[in-house]
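Look for subunit A in each of the two complexes below; its partner is subunit B in the first and subunit C in the second.
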Partner chain A sequence: MANTAHAHRIHPLEGRIAGSAGVRITPAAPAARVSLRAGPSDVKALSKALGLDLPLAPKTTSGALPGRLAAWLGPDEWLIIDEGGDPLADLGKAKVLHSAVDVSHRNTAILLSGAGARATLEAGCPQNLTDAVFPVGAASRTVLGKIEVVIIRTGDEDYRVECWRSFSTYAFELLSVGARDCLA
Partner chain B sequence: MSGANRIKGRGRLTPAKTVRFTFDGKALTALEGDTLAAALIANGIHLTGRSYKYHRPRGMLSAGPEEPNALIDIGRDAARRTPNVRASVQEVFDGMQARSQNRWPSLAFDVGAINNLASPLFAAGFYYKTFMWPKAAWKHLYEPIVRAAAGLGVSPKEADPDHYANHFVHCDVLVIGGGAAGLSAALAAAHAGASVILCDEQPETGGAFHHDADAKIDGVSGWDWAQAATAELRSMANVRVLTRTTAFGYQAQNHVALVERVTEHLANPDPALPRERLWQVRARQVVIATGAIERHMVFANNDRPGILLASAARTFLNHFGVAVGAKVGVYTACDSAWATAFDLKQAGVSVPAIVDVRPDLDPALLARAKELGIEVLAGQCVLDTSGTLRVKSMKVGRASGGSTRSIAIDALIMSAGWTPSVHMYSQSRGKVVWDEDSKRFLPGKHVQDCVSVGACNGVDDLADALEGAAEAGLAAAKAAGASGTKAWGAPGSAISASWAGSMMGAAGGAGAETSVKAFVDFQNDVTAKDIRLAVREGMHSIEHVKRFTTNGMATDQGKTSNIHGLAIAAETLGKPLPQVGLTTFRAPYTPVTFGAIVNHARGSLFDPTRRTPMHGWEEAHGAVFEDVGQWKRAWYYPRPGEDMHQAVNRECRTVREVAGLFDASTLGKIEVVGPDAAAFLNLLYTNSWDKLEPGRCKYGIMLREDGFIYDDGVVGRMAEDRFHVTTTTGGAPRVLSHMEDYLQTEFPHLKVWLTSTSEQWAVIAVQGPKAREIIAPLVEGIDLSNEAMPHMSVREGRICGVPTRLFRMSFTGEAGYEVNVPADHGDAVWKALWAQAEPLGACAYGTETMHVLRAEKGYIIVGQDTDGTVTPDDAGLNWAVAKKKPDFVGIRGMKRPDLVAPGRKQLVGLLTRDPSVVLEEGAQIVANPNQPVPMTMIGHVTSSYWTENCGRSIAMALVADGRALKGKTLYVPMPDRTIEVEVTDTVFIDKEGVRLHG
Partner chain C sequence: MLLIHCPYCQEERPELEFRNMGEAHIERPKNIADISDEAFEAFFFIRSNPKGVTHERWRHVHGCARFFNAVRDTVSDRFVATYKSGEPRLEVERGEDGELLVKGARS
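Moving on, here comes the complex of A and B:
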């Protein structure tokens, strides 16, 4: 009785798929996420606890999915995403001053893949996503249409869009509409 | 045959490719590639509409985007109709239905033309004067009539079935305009390795080569050179060429908005294609190559159908193979009209005379005219024209007087010279500068990272334009950081027709008297005399003249009229033209559809709709939803046969008698973490947090600096250095910003971080006497007994096997819990709780019941019982303000004299004398209902409900000195009656609060 909900996460975009000739749009797998805040002097210890080097330059990431990825969101702010492990528990081992807040369920993610993936994002994202400025491994907290998202470029033609749970249907629909004209 | 005026062997269209269209129901044939303007003229039609104010017959003036007259309603089907489309821009597609506008009952016979005879009534500024009395008549009589008579076009009522795309794009160099200069700049920039976007509003690049067939570049025609240059650009991976794409808005930091017409020219567009694309370009460098626009001559009756710009006639001939008439008169102050005359004559069209206001003319032009047998009238003017629906003759003579002569014509072409198209430059906030040598306004200093090249920059010579543009393109590429090494050299030789000669303002024939209609602005029906009148009536600034006369204020943005209007104003004022100044050009350069601007933001994408994890269950169980900001919240759950009132009564009763489940997931949540977390909350809330032990929670109030209530919510202390803060649903984003602002600007020394967890947690409120019974079987690791977990405490454990933050708290006055679980588990946990609750007779309840239950207990809702002018004391919440804290946001505001003065409105309860009467929220309250109107209002109702649990209505109200009026009778005057009420305290049920601890 007590275990009815255990281990079963209902993704807000469960079962959805969209896209066009230029792009495939799918919900990402469930993941653990941590919003990590800390000052510069404690980055080293936290990196050690996480088993990756926390990125220090704007718009960069370290690590990769599946596995663990850390995206720089601000001078004292990172988003940790992990599809297998427990980053919150790992951070618990670091005894330096920091704030680690579980946001695994706050966010959800949408994956875009294909030659038109960038143009699909550009239907709603005013930020410069061209290769020179936003190469593979880049990440940025920015705007998609009327919502806030974190865009992570995971491959040449692959992007991950993180957004808050209740905005995910809007994000998914906007990207689906953007996909129609992504090869223009 | 694609029209009687089509000249064999002329133009660049393919005679075999014909398309069918209708104009006012008449079936006509055009060639593929024709604009509607070209197709109509090919079919002998110049008359296309009636003018805005005087309903004068009008036809095509131009062959380009500057067209003020030929505004047509273009339709595919009922839902795909666009009014006010310029005939000179719209390409004909097979099956197109074109209709003239602003005429009734027919184009040729238009009742509204009486305005032309009544025109003395409609002089400049008529609407400021004519319809001033009686005042009420403006709204009910004059305005509706004037609007009906003056309107241009009718918008379709059907929903737009098409879709529109938006693309944000970034490039090194954006080139606006695909004429010779733009192509040259684009090639130079592209070869230097820059990423380049070139846009041009026409279907093909080539700019002035559409008309100038004499132009030669490196031995080939200018047109062929342009097409080859475009093909080369299209073949380059770093270049995007956008035709049918108008740059219409130049915003800050090189953000330029372009609109591409994707399917407007197609007979059977692929439904997958957007009708239009909005390209929002952010360019490192912008090259403006927008060319120049020819001006008309200002003289009496210069607006008859068949009178048009010389360059337009030349475009119709050389690009579309269409002669604008059989006997074409010429009236000019500029050499370029001569080239048109020569081309027409050589194509077999009769050109009875070239009338040129200039007494001294280029001998080469005179020789060529003589050779072709064209009469030249130098130093003379066209003084007037005749012909109602089409020009029939021109009256020619000297402006100074003397004999005149009438020459029969069926078309008249004119040129007063060329106006550099500085719209984009001006929109970029550049200020135009008067060039005395060439007598025109040119771009001055460029204030953004842009440069103007070619004709829009006053470069008249083609070779100079190509070379200058190539240099500018290369420089732009380098400035943008391009490091390519391939150089592109501008063509070695280039020649084109002369554009020498210019006049601004009224020509001979514009008349000084007040009856002559010499049009300056065709689209807004502004004449030379209107501008003179404006000056006489005291408008000395061109900005005033513009607004008084509406010159240049139509959708054509004064492309042909601004300079003439300015010159006439300057002459009347007796001032040099540059001293009068030019008005600023505004976006959009040409009209843009709402569809393109709105693009994706329609239907479900107009605004995000937010749903909680339990939304699906709620929907399946019949919930009616209400919009709370962007959220959909379950409002009430009607059972079969129940209306809202019955459902809410049942839910209210059930919660107090048994229990209820409520989805509170939308509450804002903020995790406050760090060693200074309590110190930070001490500064942000009126309450004191030092003594709150981990595992306990507390109701907190947050003020603004001014001492008024900003938000409220329950805050739980999870650990020494970790708080779980809740905010109102609507307050979630702004409360986090408010906290973050103070943390970063006022309290940066505090070691604390804020993280929004609003959506991390699904929240299920379980409230009522059986709340514990419902949750107990599902909870692990938490002692739920009253002793172990009293009211206002929080525990971490598991529910249904998933982690929970379990709050014992209440917004109903009943014993209850708020179960927080990670959001993806919310639905499963809700269902498990429901499986416990339903057999016990509990219900699911919505926001309406939540509102009633909290009102029964006198709990306030920030934003309903407060309105941004309510202090904690006003709301009766002084107990929540720490008395010993030295500082918190709002502490000084609270001490302001007005905020402590007697007579402030205080929150009280109201009971109507008749318990069945439910007051209206917002209703005003008076002490004496018999006082004369306007009465002194002493307060208003903030919350009002029928409560089944009390068996009567209850209300809360803000009333001046309300707490002192307890037991007194006040009155709520309504339109149909006055309602008597008694002032009470705000708690209507369980005043001792024993149920909370059950």
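Moving on, here comes the complex of A and C:
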């Protein structure tokens, strides 16, 4: 009988840790992610299937992690992140027209926490992240250095940076350098 | 860095999130197979490229990913206004002080 080889999936940032006195940078736990697109008339049915209200205002989220979180990316586009559940299967129960693409293995995330978290992000992100316009619960697709990311503010001093898996080492290095310069 | 107002995100965002997508309000002829080569050339290739007020399509590509229209002054590089795609062409006028404003906005 032939021997079977088992491939072990390795997280691109496995075992990495970075930061400085004011901020801690760690890779996020694995999660299921869905890129969801649907028209405004189908939002209600999809919200019911997901068990949370899809946010309709720009730059907002609903739900929380760990668990399920939906972030508004555009007028007809959401990013669903779920640690543990299966959002794709839940969306399959909705009998309305929508597009749900599993992007779990395309994305990974980096967590920033600490008093210097915002300053660290600002090293590479041109968007205004101050409290008045980017409060806790805000989320936005934007730019970090040379790559596109989704930034979610999960707490007062906590941010989640969703980036593509293949760009994650770049993002991690950039944030590590940013952390070195943040004097929090 | 320029700040551009996205009509879908309803706020000003840094220009790095946007991409210029050429001249706005160019309508594809409905009888595209019947028009002459010259008419097709005018529709497909010829753009106005004015010095001064220009209507452009922009895309918030690293944000909400939506296309929208903008009125911009190519001399000062200043955005006069942005509006959602599908909305009628926004007319602007230059005041005595040289500043561009949306028509009717000056009181």
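FYI, the second predicted complex is superposed on the first by the 174 of 184 C-alpha atoms of A that agree within 3 Å, B and C clash if a C-alpha of one lies under 4 Å from a C-alpha of the other, contacts with A are read in each partner's own complex, and residues count from 1 in each chain.
Keep in mind that, in the parts below, contacts are C-beta pairs under 8 Å (C-beta built on N, C-alpha and C of every residue); 3 or more make two chains touch, one makes a residue touch a chain.
Quick caveat: nothing in here was measured; it's all calculated off a predicted structure.
J.: After the superposition on A, what does A:Arg37 contact: first (subunit B), second (subunit C), both or neither?
T.: A:Arg37 sits against subunit B, while subunit C stays out of touch.
J.: Looking at the overlay, what does A:Val96 touch: subunit B (first), subunit C (second), both, or neither?
T.: neither
J.: Considering only touches as defined above, state whether A:Gly145 meets subunit B (first), subunit C (second), both or neither.
T.: The answer is first: A:Gly145 touches subunit B but not subunit C.
J.: With both structures placed on chain A, which of the two partners, subunit B or subunit C, ends up touching more residues of subunit A?
T.: With both complexes superposed on chain A, more residues of subunit A are touched by B.
J.: Which of the two partners, first being subunit B and second being subunit C, lies in contact with A:Pro126: first, second, both, or neither?
T.: A:Pro126 contacts both subunit B and subunit C.
J.: For A:Gly74, select first, second, both or neither according to whether it touches subunit B, subunit C, the two together, or no partner.
T.: second
J.: One more residue to check, A:Val136. First (subunit B), second (subunit C), both or neither?
T.: In the superposition, A:Val136 contacts neither subunit B nor subunit C.
J.: First (subunit B), second (subunit C), both or neither: which does A:Pro58 touch?
T.: second
J.: Enumerate the residues of subunit A that count as touching subunit B in its complex and touching subunit C in the other.
T.: Shared contact residues on subunit A (touching subunit B in one complex, subunit C in the other): 126-127, 133.
J.: For the complex, give me every residue of subunit A touching subunit B.
T.: Going by the criterion above, the answer is residues 1-12, 30, 35, 37, 76, 97, 99-107, 119, 122-130, 133, 145-147, 164-167, 169-170, 173-174, 177-178, 180-181, 184.
J.: Once bound in the complex, which stretches of subunit C touch subunit A?
T.: 1, 8-11, 13-14, 16-17, 62-66
J.: Any idea which subunit B residues touch subunit A in the complex?
T.: Against subunit A, subunit B makes touches at 163, 165-170, 195, 272-274, 277, 280, 282, 600-601, 604-605, 607-613, 631, 671, 673-675, 751-753, 755-761, 777-778, 780, 798, 800-802, 821-829, 831-832.
J.: Would you pull the subunit A residues touching subunit C in the complex into a rising list?
T.: For this pair, the touching residues of subunit A are 58-59, 73-75, 77, 126-127, 133, 140-143, 148.
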